[in-house]
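Both of the next two complexes hold chain A, though its partner changes from chain B to chain C.
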Partner chain A sequence: MAAAALRAQLNALLANMFTTGMVDEQFQQLQSLQEDGGSASGFVAEVATLFIDDADRIIADIAALLDQPVVDFDKVDAHVHQLKGSSSSVGAQKVKLACMHFRQFYEAKSKEGCLMALALVRSEFCDVRNKFQTMMQLEQ
Partner chain B sequence: MAVAIAEAPFHVLAVDDSVLDRKLIERLLKTSSFQVTTVDSGTKALEFLGLHDEDASISSVHADQLDVEVNVNLIITDYCMPGMTGYDLLKKIKESSSFRDIPVVIMSSENIPSRINRCLEEGANEFFLKPVRLSDMSKLKPHIMKSRCKEHCHQDEDLLSNSETNPTN
Partner chain C sequence: MELKAKGFTSIKALLVEDIEVCRLVLSTFLLRLHCEVTLAMNGKEAVDLFLEGKKFDIVLFDKDMPVMTGPEAIVKIRAMGETDVKMVGVSADDHAMEAFMSVGADLFVPKPMRMEALGPIIQEVINKKKNDMV
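The block that comes next holds the complex of A and B.
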(Lines of atoms letter the chains of each structure in order from A and count residues from 1; the text may use other names and numbers.)
(Lines give C-alpha, C1' and ligand atoms only; values in the text may rest on other atoms or scores of the structure.)
Protein backbone atom coordinates (compact mmCIF):
# COMPACT_ATOMS: atom_id res chain seq x y z
CA MET A 1 0.00 0.00 0.00
CA ALA A 2 1.30 3.44 -0.92
CA ALA A 3 0.57 4.94 2.49
CA ALA A 4 2.63 2.28 4.26
CA ALA A 5 5.53 2.81 1.87
CA LEU A 6 5.44 6.55 2.48
CA ARG A 7 5.31 5.99 6.23
CA ALA A 8 8.35 3.72 5.96
CA GLN A 9 10.18 6.39 3.96
CA LEU A 10 9.31 9.03 6.52
CA ASN A 11 10.49 6.88 9.40
CA ALA A 12 13.74 6.14 7.59
CA LEU A 13 14.26 9.86 6.95
CA LEU A 14 13.64 10.76 10.57
CA ALA A 15 15.91 7.96 11.82
CA ASN A 16 18.64 9.19 9.49
CA MET A 17 18.31 12.75 10.75
CA PHE A 18 18.84 11.55 14.30
CA THR A 19 21.70 9.16 13.66
CA THR A 20 23.66 11.71 11.62
CA GLY A 21 23.25 14.25 14.40
CA MET A 22 21.36 16.62 12.15
CA VAL A 23 18.67 16.84 14.81
CA ASP A 24 18.98 16.21 18.52
CA GLU A 25 16.66 15.33 21.40
CA GLN A 26 15.04 18.75 21.28
CA PHE A 27 13.48 17.71 17.96
CA GLN A 28 12.23 14.60 19.73
CA GLN A 29 10.64 16.88 22.35
CA LEU A 30 8.81 18.71 19.56
CA GLN A 31 7.58 15.42 18.11
CA SER A 32 6.22 14.40 21.49
CA LEU A 33 4.30 17.68 21.72
CA GLN A 34 2.54 16.86 18.45
CA GLU A 35 -1.01 15.69 19.01
CA ASP A 36 -1.77 13.43 16.09
CA GLY A 37 1.66 11.87 15.75
CA GLY A 38 2.13 13.25 12.25
CA SER A 39 4.41 16.04 11.08
CA ALA A 40 2.66 17.74 8.17
CA SER A 41 -0.02 20.12 9.29
CA GLY A 42 0.86 19.86 12.93
CA PHE A 43 3.05 21.51 15.44
CA VAL A 44 6.33 20.08 14.13
CA ALA A 45 5.68 21.37 10.61
CA GLU A 46 4.75 24.79 11.98
CA VAL A 47 7.95 25.06 13.97
CA ALA A 48 10.09 23.65 11.15
CA THR A 49 8.61 26.22 8.75
CA LEU A 50 9.18 29.05 11.22
CA PHE A 51 12.79 27.94 11.60
CA ILE A 52 13.35 27.75 7.84
CA ASP A 53 11.94 31.24 7.26
CA ASP A 54 13.83 32.67 10.21
CA ALA A 55 17.16 31.12 9.20
CA ASP A 56 16.78 32.13 5.55
CA ARG A 57 16.31 35.73 6.61
CA ILE A 58 19.13 35.74 9.15
CA ILE A 59 21.65 34.16 6.78
CA ALA A 60 20.78 36.75 4.12
CA ASP A 61 21.16 39.53 6.69
CA ILE A 62 24.58 38.27 7.81
CA ALA A 63 25.74 38.01 4.20
CA ALA A 64 24.66 41.61 3.64
CA LEU A 65 26.53 42.75 6.75
CA LEU A 66 29.71 40.99 5.64
CA ASP A 67 29.37 42.64 2.25
CA GLN A 68 29.75 46.13 3.73
CA PRO A 69 33.08 47.97 3.37
CA VAL A 70 33.13 48.28 7.16
CA VAL A 71 31.65 45.24 8.86
CA ASP A 72 29.52 45.76 11.96
CA PHE A 73 30.63 42.69 13.91
CA ASP A 74 28.28 43.44 16.80
CA LYS A 75 25.33 43.08 14.47
CA VAL A 76 26.81 39.87 13.07
CA ASP A 77 27.06 38.65 16.68
CA ALA A 78 23.41 39.49 17.32
CA HIS A 79 22.23 37.68 14.19
CA VAL A 80 24.30 34.57 14.84
CA HIS A 81 23.04 34.53 18.41
CA GLN A 82 19.47 34.64 17.14
CA LEU A 83 20.08 31.81 14.68
CA LYS A 84 21.78 29.76 17.37
CA GLY A 85 18.68 30.25 19.51
CA SER A 86 16.25 29.18 16.81
CA SER A 87 18.28 26.17 15.77
CA SER A 88 18.58 25.13 19.40
CA SER A 89 14.83 25.46 19.94
CA VAL A 90 13.96 23.38 16.88
CA GLY A 91 16.68 20.81 17.56
CA ALA A 92 18.74 21.53 14.44
CA GLN A 93 21.97 20.45 16.11
CA LYS A 94 24.42 20.86 13.22
CA VAL A 95 23.23 24.39 12.50
CA LYS A 96 23.54 25.20 16.20
CA LEU A 97 27.10 23.85 16.28
CA ALA A 98 27.98 25.84 13.16
CA CYS A 99 26.73 28.97 14.92
CA MET A 100 28.85 28.21 17.96
CA HIS A 101 31.85 27.79 15.66
CA PHE A 102 31.11 31.22 14.17
CA ARG A 103 31.66 33.07 17.41
CA GLN A 104 35.46 33.08 17.39
CA PHE A 105 35.52 34.85 14.02
CA TYR A 106 33.28 37.76 14.82
CA GLU A 107 34.98 38.11 18.18
CA ALA A 108 38.30 38.30 16.37
CA LYS A 109 36.66 40.72 13.91
CA SER A 110 37.86 38.57 11.03
CA LYS A 111 35.85 39.14 7.87
CA GLU A 112 37.48 36.20 6.13
CA GLY A 113 36.81 33.95 9.05
CA CYS A 114 33.20 35.10 9.21
CA LEU A 115 32.70 34.40 5.52
CA MET A 116 33.97 30.86 5.99
CA ALA A 117 31.84 30.37 9.06
CA LEU A 118 28.78 31.68 7.25
CA ALA A 119 29.41 29.23 4.41
CA LEU A 120 29.39 26.39 6.92
CA VAL A 121 26.19 27.65 8.56
CA ARG A 122 24.56 27.98 5.16
CA SER A 123 25.61 24.49 4.15
CA GLU A 124 24.32 22.88 7.34
CA PHE A 125 21.12 24.88 7.09
CA CYS A 126 20.52 23.81 3.48
CA ASP A 127 20.92 20.17 4.50
CA VAL A 128 18.42 20.34 7.34
CA ARG A 129 16.04 22.52 5.37
CA ASN A 130 15.90 19.94 2.58
CA LYS A 131 15.28 17.15 5.06
CA PHE A 132 12.54 19.13 6.84
CA GLN A 133 10.86 19.92 3.53
CA THR A 134 10.97 16.27 2.46
CA MET A 135 9.57 15.29 5.85
CA MET A 136 6.64 17.66 5.43
CA GLN A 137 6.01 16.45 1.85
CA LEU A 138 6.04 12.80 2.90
CA GLU A 139 3.39 13.46 5.47
CA GLN A 140 0.91 14.99 3.05
CA MET B 1 -10.76 28.98 57.13
CA ALA B 2 -9.33 27.91 53.80
CA VAL B 3 -10.98 29.52 50.83
CA ALA B 4 -11.42 27.15 47.90
CA ILE B 5 -9.24 28.33 45.07
CA ALA B 6 -11.07 28.56 41.74
CA GLU B 7 -10.68 25.69 39.29
CA ALA B 8 -9.97 27.96 36.31
CA PRO B 9 -6.65 27.22 34.61
CA PHE B 10 -3.73 29.38 35.65
CA HIS B 11 -2.90 32.19 33.25
CA VAL B 12 0.70 32.59 32.15
CA LEU B 13 2.03 35.61 30.27
CA ALA B 14 4.94 34.55 28.06
CA VAL B 15 7.37 37.14 26.70
CA ASP B 16 9.87 36.39 23.91
CA ASP B 17 11.01 38.30 20.84
CA SER B 18 11.54 35.09 18.86
CA VAL B 19 8.39 33.92 17.08
CA LEU B 20 9.68 30.35 17.12
CA ASP B 21 10.31 30.39 20.86
CA ARG B 22 6.90 31.96 21.48
CA LYS B 23 5.30 29.12 19.53
CA LEU B 24 7.24 26.59 21.56
CA ILE B 25 6.57 28.05 24.99
CA GLU B 26 2.90 28.44 24.12
CA ARG B 27 2.70 24.77 23.18
CA LEU B 28 4.54 23.67 26.30
CA LEU B 29 2.27 25.75 28.52
CA LYS B 30 -0.97 24.68 26.83
CA THR B 31 0.07 21.03 26.98
CA SER B 32 0.55 21.58 30.70
CA SER B 33 -2.99 22.98 31.03
CA PHE B 34 -2.12 26.63 31.40
CA GLN B 35 -4.00 29.45 29.76
CA VAL B 36 -1.44 31.41 27.71
CA THR B 37 -0.96 34.92 26.41
CA THR B 38 2.20 35.58 24.41
CA VAL B 39 3.75 38.97 23.64
CA ASP B 40 6.92 39.80 21.75
CA SER B 41 8.44 42.44 24.03
CA GLY B 42 8.75 43.67 27.60
CA THR B 43 6.94 46.83 26.60
CA LYS B 44 3.96 44.85 25.31
CA ALA B 45 4.01 42.79 28.49
CA LEU B 46 3.74 45.92 30.63
CA GLU B 47 0.98 47.21 28.36
CA PHE B 48 -0.91 43.98 28.78
CA LEU B 49 -0.61 44.19 32.53
CA GLY B 50 -1.74 47.80 32.45
CA LEU B 51 1.57 49.15 33.72
CA HIS B 52 3.07 52.13 31.99
CA ASP B 53 6.63 52.36 30.77
CA GLU B 54 7.60 56.02 30.69
CA ASP B 55 10.25 55.53 28.04
CA ALA B 56 8.15 53.78 25.42
CA SER B 57 5.29 55.28 23.48
CA ILE B 58 2.27 53.24 24.46
CA SER B 59 -0.10 52.25 21.71
CA SER B 60 -3.80 52.43 22.38
CA VAL B 61 -4.10 48.66 22.16
CA HIS B 62 -4.79 48.27 25.83
CA ALA B 63 -6.56 51.61 26.35
CA ASP B 64 -10.10 50.32 26.12
CA GLN B 65 -9.29 47.37 28.30
CA LEU B 66 -8.10 49.36 31.27
CA ASP B 67 -11.26 48.59 33.19
CA VAL B 68 -10.87 44.85 32.72
CA GLU B 69 -8.95 43.14 35.47
CA VAL B 70 -5.98 41.33 34.00
CA ASN B 71 -5.43 38.16 35.94
CA VAL B 72 -1.96 36.81 35.35
CA ASN B 73 -0.66 34.08 37.65
CA LEU B 74 2.90 33.85 36.34
CA ILE B 75 5.16 35.65 33.91
CA ILE B 76 7.79 33.78 31.94
CA THR B 77 10.21 35.88 29.95
CA ASP B 78 13.26 35.54 27.74
CA TYR B 79 16.33 37.34 29.07
CA CYS B 80 17.88 38.56 25.82
CA MET B 81 15.43 40.84 24.06
CA PRO B 82 16.06 44.06 22.14
CA GLY B 83 15.05 47.21 23.98
CA MET B 84 13.73 46.05 27.33
CA THR B 85 15.52 42.91 28.47
CA GLY B 86 13.89 40.25 30.60
CA TYR B 87 15.87 41.60 33.52
CA ASP B 88 14.49 45.12 32.94
CA LEU B 89 10.99 43.69 32.78
CA LEU B 90 11.57 41.74 35.98
CA LYS B 91 12.64 44.92 37.76
CA LYS B 92 9.59 46.85 36.56
CA ILE B 93 7.29 44.09 37.76
CA LYS B 94 8.94 43.87 41.17
CA GLU B 95 8.75 47.65 41.53
CA SER B 96 5.00 47.62 40.93
CA SER B 97 2.77 47.33 43.96
CA SER B 98 0.04 45.52 42.01
CA PHE B 99 2.24 42.93 40.35
CA ARG B 100 5.29 42.39 42.55
CA ASP B 101 3.85 39.16 43.95
CA ILE B 102 3.41 37.54 40.56
CA PRO B 103 6.11 34.88 40.16
CA VAL B 104 8.54 35.63 37.34
CA VAL B 105 10.57 33.01 35.49
CA ILE B 106 13.53 33.98 33.32
CA MET B 107 14.59 31.92 30.27
CA SER B 108 17.98 32.16 28.64
CA SER B 109 19.96 30.26 26.06
CA GLU B 110 23.16 31.05 27.94
CA ASN B 111 24.26 29.52 31.21
CA ILE B 112 25.95 32.50 32.83
CA PRO B 113 26.02 32.20 36.64
CA SER B 114 26.36 35.95 37.24
CA ARG B 115 23.32 36.55 35.05
CA ILE B 116 21.33 33.89 36.84
CA ASN B 117 22.26 35.27 40.27
CA ARG B 118 21.45 38.82 39.23
CA CYS B 119 17.96 37.72 38.22
CA LEU B 120 17.37 35.67 41.33
CA GLU B 121 18.55 38.57 43.50
CA GLU B 122 16.12 40.87 41.74
CA GLY B 123 13.29 38.52 42.67
CA ALA B 124 13.02 36.02 39.83
CA ASN B 125 11.56 32.79 41.11
CA GLU B 126 13.15 30.42 38.64
CA PHE B 127 15.61 30.36 35.79
CA PHE B 128 15.18 28.03 32.81
CA LEU B 129 17.94 27.23 30.37
CA LYS B 130 16.73 27.14 26.79
CA PRO B 131 15.50 25.10 25.05
CA VAL B 132 12.77 24.86 27.65
CA ARG B 133 11.36 21.36 28.08
CA LEU B 134 8.03 19.93 29.07
CA SER B 135 9.52 18.75 32.36
CA ASP B 136 10.30 22.40 33.25
CA MET B 137 6.57 23.18 33.19
CA SER B 138 5.99 21.18 36.36
CA LYS B 139 8.16 23.70 38.23
CA LEU B 140 5.73 26.52 37.54
CA LYS B 141 2.68 25.53 39.56
CA PRO B 142 4.48 25.44 42.94
CA HIS B 143 5.51 29.08 42.47
CA ILE B 144 1.95 30.05 41.58
CA MET B 145 0.51 28.18 44.58
CA LYS B 146 3.02 29.80 46.92
CA SER B 147 2.21 33.29 45.72
CA ARG B 148 -1.53 32.67 45.89
CA CYS B 149 -1.10 31.38 49.42
CA LYS B 150 0.76 34.56 50.29
CA GLU B 151 -2.02 36.57 48.70
CA HIS B 152 -4.70 34.75 50.68
CA CYS B 153 -2.70 35.11 53.89
CA HIS B 154 -2.49 38.84 53.32
CA GLN B 155 -6.23 38.96 52.67
CA ASP B 156 -6.94 37.03 55.87
CA GLU B 157 -4.69 39.34 57.85
CA ASP B 158 -6.50 42.34 56.43
CA LEU B 159 -9.84 40.85 57.40
CA LEU B 160 -8.72 40.19 60.96
CA SER B 161 -7.17 43.55 61.72
CA ASN B 162 -7.83 46.35 59.31
CA SER B 163 -6.48 49.23 61.32
CA GLU B 164 -3.16 47.68 62.31
CA THR B 165 -0.06 47.97 60.17
CA ASN B 166 0.70 44.52 58.81
CA PRO B 167 4.36 43.50 58.93
CA THR B 168 5.47 42.30 55.51
CA ASN B 169 7.58 39.14 55.24
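The block that comes next holds the complex of A and C.
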Protein backbone atom coordinates (compact mmCIF):
# COMPACT_ATOMS: atom_id res chain seq x y z
CA MET A 1 0.00 0.00 0.00
CA ALA A 2 1.28 3.47 -0.77
CA ALA A 3 3.07 5.25 2.06
CA ALA A 4 0.55 8.10 2.10
CA ALA A 5 -2.35 5.70 2.50
CA LEU A 6 -0.59 3.88 5.33
CA ARG A 7 0.15 7.20 7.00
CA ALA A 8 -3.51 8.17 6.70
CA GLN A 9 -4.54 4.85 8.24
CA LEU A 10 -2.09 5.35 11.10
CA ASN A 11 -3.32 8.89 11.74
CA ALA A 12 -6.92 7.70 11.76
CA LEU A 13 -6.05 4.95 14.23
CA LEU A 14 -4.25 7.36 16.54
CA ALA A 15 -7.11 9.87 16.33
CA ASN A 16 -9.56 7.14 17.24
CA MET A 17 -7.46 6.08 20.21
CA PHE A 18 -7.54 9.64 21.54
CA THR A 19 -11.19 10.40 20.90
CA THR A 20 -12.33 7.18 22.56
CA GLY A 21 -10.20 7.96 25.61
CA MET A 22 -8.07 4.86 25.12
CA VAL A 23 -4.92 7.01 25.35
CA ASP A 24 -4.36 10.45 26.81
CA GLU A 25 -1.97 13.41 26.67
CA GLN A 26 0.87 11.32 28.06
CA PHE A 27 0.84 9.16 24.92
CA GLN A 28 0.66 12.33 22.85
CA GLN A 29 3.78 13.55 24.62
CA LEU A 30 5.64 10.35 23.78
CA GLN A 31 4.65 10.75 20.14
CA SER A 32 5.80 14.37 20.13
CA LEU A 33 9.17 13.35 21.53
CA GLN A 34 9.63 10.91 18.66
CA GLU A 35 8.33 13.23 15.97
CA ASP A 36 10.44 16.24 16.90
CA GLY A 37 13.59 14.15 17.05
CA GLY A 38 13.92 14.22 20.82
CA SER A 39 14.09 10.45 20.85
CA ALA A 40 14.99 7.71 18.40
CA SER A 41 12.48 6.57 15.81
CA GLY A 42 10.86 3.46 17.21
CA PHE A 43 10.71 4.99 20.69
CA VAL A 44 6.92 4.82 20.88
CA ALA A 45 6.98 1.25 19.61
CA GLU A 46 9.56 0.33 22.23
CA VAL A 47 7.48 1.89 24.99
CA ALA A 48 4.33 0.18 23.73
CA THR A 49 6.08 -3.21 23.53
CA LEU A 50 7.47 -2.89 27.05
CA PHE A 51 4.06 -1.91 28.37
CA ILE A 52 2.35 -4.83 26.63
CA ASP A 53 4.84 -7.36 28.00
CA ASP A 54 4.72 -5.84 31.48
CA ALA A 55 0.93 -5.68 31.61
CA ASP A 56 0.56 -9.22 30.28
CA ARG A 57 2.72 -10.50 33.09
CA ILE A 58 1.04 -8.43 35.79
CA ILE A 59 -2.47 -9.45 34.75
CA ALA A 60 -1.43 -13.11 34.77
CA ASP A 61 0.09 -12.66 38.24
CA ILE A 62 -3.09 -11.04 39.57
CA ALA A 63 -5.21 -13.83 38.10
CA ALA A 64 -2.98 -16.41 39.79
CA LEU A 65 -3.30 -14.61 43.13
CA LEU A 66 -7.09 -14.50 42.84
CA ASP A 67 -7.10 -18.19 42.02
CA GLN A 68 -5.70 -19.09 45.43
CA PRO A 69 -8.00 -20.42 48.15
CA VAL A 70 -6.81 -17.58 50.39
CA VAL A 71 -6.18 -14.40 48.45
CA ASP A 72 -3.24 -12.19 49.40
CA PHE A 73 -4.92 -8.83 48.80
CA ASP A 74 -1.73 -6.91 49.66
CA LYS A 75 0.02 -8.58 46.74
CA VAL A 76 -2.97 -7.88 44.51
CA ASP A 77 -2.70 -4.23 45.60
CA ALA A 78 1.01 -4.14 44.75
CA HIS A 79 0.47 -5.62 41.28
CA VAL A 80 -2.47 -3.34 40.44
CA HIS A 81 -0.45 -0.37 41.62
CA GLN A 82 2.40 -1.41 39.35
CA LEU A 83 0.06 -1.70 36.39
CA LYS A 84 -1.46 1.68 37.21
CA GLY A 85 2.02 3.21 37.17
CA SER A 86 3.07 1.69 33.88
CA SER A 87 -0.23 2.39 32.14
CA SER A 88 -0.17 6.02 33.24
CA SER A 89 3.44 6.37 32.05
CA VAL A 90 2.53 5.28 28.51
CA GLY A 91 -0.79 7.12 28.47
CA ALA A 92 -3.01 4.03 28.41
CA GLN A 93 -5.82 5.94 30.09
CA LYS A 94 -8.56 3.31 30.13
CA VAL A 95 -6.24 0.72 31.66
CA LYS A 96 -5.18 3.26 34.29
CA LEU A 97 -8.81 4.05 35.12
CA ALA A 98 -9.62 0.34 35.35
CA CYS A 99 -6.78 -0.02 37.85
CA MET A 100 -8.16 2.86 39.90
CA HIS A 101 -11.59 1.19 39.85
CA PHE A 102 -9.94 -2.04 41.09
CA ARG A 103 -8.78 -0.47 44.34
CA GLN A 104 -12.12 -0.46 46.12
CA PHE A 105 -12.39 -4.24 45.76
CA TYR A 106 -9.01 -5.26 47.11
CA GLU A 107 -9.37 -2.71 49.93
CA ALA A 108 -12.71 -4.35 50.74
CA LYS A 109 -10.99 -7.75 50.41
CA SER A 110 -13.71 -8.86 48.01
CA LYS A 111 -12.53 -11.73 45.82
CA GLU A 112 -15.64 -11.54 43.67
CA GLY A 113 -15.24 -7.81 43.22
CA CYS A 114 -11.57 -8.26 42.36
CA LEU A 115 -12.42 -10.85 39.73
CA MET A 116 -14.87 -8.47 38.08
CA ALA A 117 -12.37 -5.64 38.27
CA LEU A 118 -9.67 -7.87 36.77
CA ALA A 119 -11.99 -8.73 33.90
CA LEU A 120 -12.39 -5.01 33.18
CA VAL A 121 -8.63 -4.42 33.37
CA ARG A 122 -8.03 -7.35 31.04
CA SER A 123 -10.65 -6.12 28.58
CA GLU A 124 -9.25 -2.58 28.48
CA PHE A 125 -5.73 -3.93 28.17
CA CYS A 126 -6.65 -6.23 25.27
CA ASP A 127 -8.24 -3.31 23.45
CA VAL A 128 -5.22 -1.03 23.80
CA ARG A 129 -2.81 -3.88 23.09
CA ASN A 130 -4.56 -4.60 19.79
CA LYS A 131 -4.47 -0.92 18.85
CA PHE A 132 -0.79 -0.60 19.79
CA GLN A 133 0.05 -3.69 17.74
CA THR A 134 -1.83 -2.34 14.72
CA MET A 135 -0.05 1.00 15.18
CA MET A 136 3.35 -0.71 15.20
CA GLN A 137 2.50 -2.71 12.07
CA LEU A 138 1.44 0.45 10.25
CA GLU A 139 4.60 2.27 11.37
CA GLN A 140 6.75 -0.48 9.91
CA MET B 1 23.72 2.13 33.87
CA GLU B 2 24.62 5.60 32.54
CA LEU B 3 22.98 7.34 29.63
CA LYS B 4 24.28 10.55 28.17
CA ALA B 5 22.61 13.14 25.95
CA LYS B 6 25.03 13.90 23.15
CA GLY B 7 27.07 17.00 23.83
CA PHE B 8 25.42 17.92 27.12
CA THR B 9 26.52 16.71 30.54
CA SER B 10 25.50 19.60 32.73
CA ILE B 11 23.11 17.89 35.17
CA LYS B 12 23.70 14.49 36.67
CA ALA B 13 20.36 12.78 37.27
CA LEU B 14 19.75 9.48 39.04
CA LEU B 15 16.47 7.77 38.21
CA VAL B 16 15.35 5.14 40.72
CA GLU B 17 12.50 3.10 39.25
CA ASP B 18 11.77 -0.62 39.16
CA ILE B 19 9.24 -0.62 36.30
CA GLU B 20 11.06 -0.83 32.98
CA VAL B 21 8.58 1.13 30.88
CA CYS B 22 8.52 3.95 33.45
CA ARG B 23 12.33 3.98 33.44
CA LEU B 24 12.38 4.28 29.66
CA VAL B 25 9.89 7.14 29.55
CA LEU B 26 11.40 9.21 32.35
CA SER B 27 14.99 8.64 31.26
CA THR B 28 14.02 9.78 27.75
CA PHE B 29 12.52 12.96 29.20
CA LEU B 30 15.70 13.57 31.22
CA LEU B 31 17.94 13.00 28.20
CA ARG B 32 15.76 15.38 26.22
CA LEU B 33 16.49 17.94 28.93
CA HIS B 34 20.22 17.31 28.41
CA CYS B 35 20.78 15.42 31.65
CA GLU B 36 23.38 12.72 32.18
CA VAL B 37 21.19 9.87 33.41
CA THR B 38 22.09 7.00 35.71
CA LEU B 39 19.52 4.28 36.35
CA ALA B 40 18.87 2.30 39.52
CA MET B 41 16.25 -0.44 39.86
CA ASN B 42 15.46 0.09 43.52
CA GLY B 43 16.30 2.17 46.56
CA LYS B 44 19.20 -0.03 47.63
CA GLU B 45 20.97 0.38 44.27
CA ALA B 46 20.56 4.14 44.68
CA VAL B 47 22.03 4.07 48.18
CA ASP B 48 24.92 1.91 46.97
CA LEU B 49 25.75 4.47 44.27
CA PHE B 50 26.04 7.17 46.91
CA LEU B 51 28.13 4.86 49.11
CA GLU B 52 30.47 4.38 46.15
CA GLY B 53 30.97 8.13 46.12
CA LYS B 54 28.89 8.89 43.05
CA LYS B 55 27.55 12.43 42.92
CA PHE B 56 24.24 13.57 41.52
CA ASP B 57 22.47 16.90 41.17
CA ILE B 58 18.99 15.41 41.23
CA VAL B 59 17.49 12.04 42.14
CA LEU B 60 14.01 10.94 41.09
CA PHE B 61 12.51 8.13 43.15
CA ASP B 62 9.57 5.87 42.57
CA LYS B 63 7.89 5.02 45.87
CA ASP B 64 7.18 1.30 45.97
CA MET B 65 10.11 -0.81 44.80
CA PRO B 66 11.47 -4.22 45.79
CA VAL B 67 14.38 -4.46 48.28
CA MET B 68 14.14 -0.80 49.34
CA THR B 69 11.44 1.82 48.75
CA GLY B 70 12.04 5.39 47.60
CA PRO B 71 11.33 6.98 51.01
CA GLU B 72 13.60 4.43 52.75
CA ALA B 73 16.40 5.29 50.34
CA ILE B 74 15.94 9.02 50.90
CA VAL B 75 16.30 8.54 54.67
CA LYS B 76 19.59 6.67 54.20
CA ILE B 77 21.00 9.06 51.59
CA ARG B 78 20.14 12.15 53.62
CA ALA B 79 21.74 10.49 56.66
CA MET B 80 24.99 10.32 54.68
CA GLY B 81 25.01 14.09 54.68
CA GLU B 82 23.72 14.45 51.12
CA THR B 83 21.61 17.49 51.90
CA ASP B 84 22.29 19.44 48.69
CA VAL B 85 21.10 16.95 46.12
CA LYS B 86 17.53 17.58 44.99
CA MET B 87 15.33 14.60 45.82
CA VAL B 88 12.06 14.23 43.93
CA GLY B 89 9.41 11.64 44.72
CA VAL B 90 7.38 10.36 41.75
CA SER B 91 4.45 8.02 42.26
CA ALA B 92 1.00 7.01 41.04
CA ASP B 93 0.04 6.39 44.66
CA ASP B 94 -2.42 8.98 45.92
CA HIS B 95 -0.87 8.92 49.42
CA ALA B 96 2.74 9.12 48.33
CA MET B 97 3.30 12.83 48.90
CA GLU B 98 3.37 12.62 52.66
CA ALA B 99 5.54 9.51 52.57
CA PHE B 100 8.16 11.37 50.56
CA MET B 101 7.99 14.82 52.14
CA SER B 102 8.09 13.47 55.68
CA VAL B 103 11.50 11.87 55.02
CA GLY B 104 13.16 14.86 53.43
CA ALA B 105 12.23 14.86 49.76
CA ASP B 106 12.32 18.33 48.23
CA LEU B 107 9.42 17.77 45.92
CA PHE B 108 6.70 15.30 44.99
CA VAL B 109 5.28 14.94 41.49
CA PRO B 110 2.43 12.54 40.72
CA LYS B 111 2.84 9.97 37.95
CA PRO B 112 2.89 10.33 35.09
CA MET B 113 5.48 13.07 35.21
CA ARG B 114 5.15 15.31 32.17
CA MET B 115 7.90 17.19 30.40
CA GLU B 116 6.14 20.45 31.32
CA ALA B 117 6.61 19.55 35.00
CA LEU B 118 10.14 18.15 34.69
CA GLY B 119 11.56 21.01 32.62
CA PRO B 120 11.26 23.73 35.30
CA ILE B 121 12.58 21.32 37.96
CA ILE B 122 15.72 20.65 35.91
CA GLN B 123 16.09 24.36 35.13
CA GLU B 124 15.97 25.14 38.85
CA VAL B 125 18.75 22.62 39.45
CA ILE B 126 20.81 24.16 36.62
CA ASN B 127 20.34 27.64 38.06
CA LYS B 128 21.35 26.49 41.52
CA LYS B 129 24.42 24.75 40.17
CA LYS B 130 25.47 27.90 38.27
CA ASN B 131 24.98 30.03 41.37
CA ASP B 132 27.01 27.60 43.49
CA MET B 133 29.85 27.78 40.97
CA VAL B 134 30.03 31.59 41.12
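The rule is short, and it goes like this: the second predicted complex is superposed on the first by the 132 of 140 C-alpha atoms of A that agree within 3 Å, B and C clash if a C-alpha of one lies under 4 Å from a C-alpha of the other, contacts with A are read in each partner's own complex, and residues count from 1 in each chain.
The rule is short, and it goes like this: contacts are C-beta pairs under 8 Å (C-beta built on N, C-alpha and C of every residue); 3 or more make two chains touch, one makes a residue touch a chain.
Just so it is clear, the model here is predicted, and its values are computed rather than measured.
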Combined model on chain A where chain B meets chain C, clash or fit: clash
First (chain B), second (chain C), both or neither touched by A:K84: both
First (chain B), second (chain C), both or neither touched by A:E46: both
Chain B versus chain C as contact partner of A:Q68, first or second or both or neither: neither
First (chain B), second (chain C), both or neither touched by A:L33: both
Residues of chain A at both interfaces, chain B in one complex, chain C in the other: 26, 29-30, 33, 43, 46-47, 50-51, 54, 81-82, 84-86, 88-91
Interface residues, chain A side, partner chain B - complex: 26, 29-30, 32-33, 43, 46-47, 50-51, 54, 81-82, 84-86, 88-91
Sites on chain A touched by chain C in the complex: 25-26, 29-30, 33, 38-39, 43, 46-47, 50-51, 54, 78, 81-82, 84-86, 88-91
Interface residues, chain C side, partner chain A - complex: 19-22, 24-26, 28-29, 31-32, 62, 64, 91-93, 111-112, 114-115
Chain B to chain A touching residues, read off their complex: 18-21, 23-24, 27-28, 31, 80, 109, 130-131, 133-134
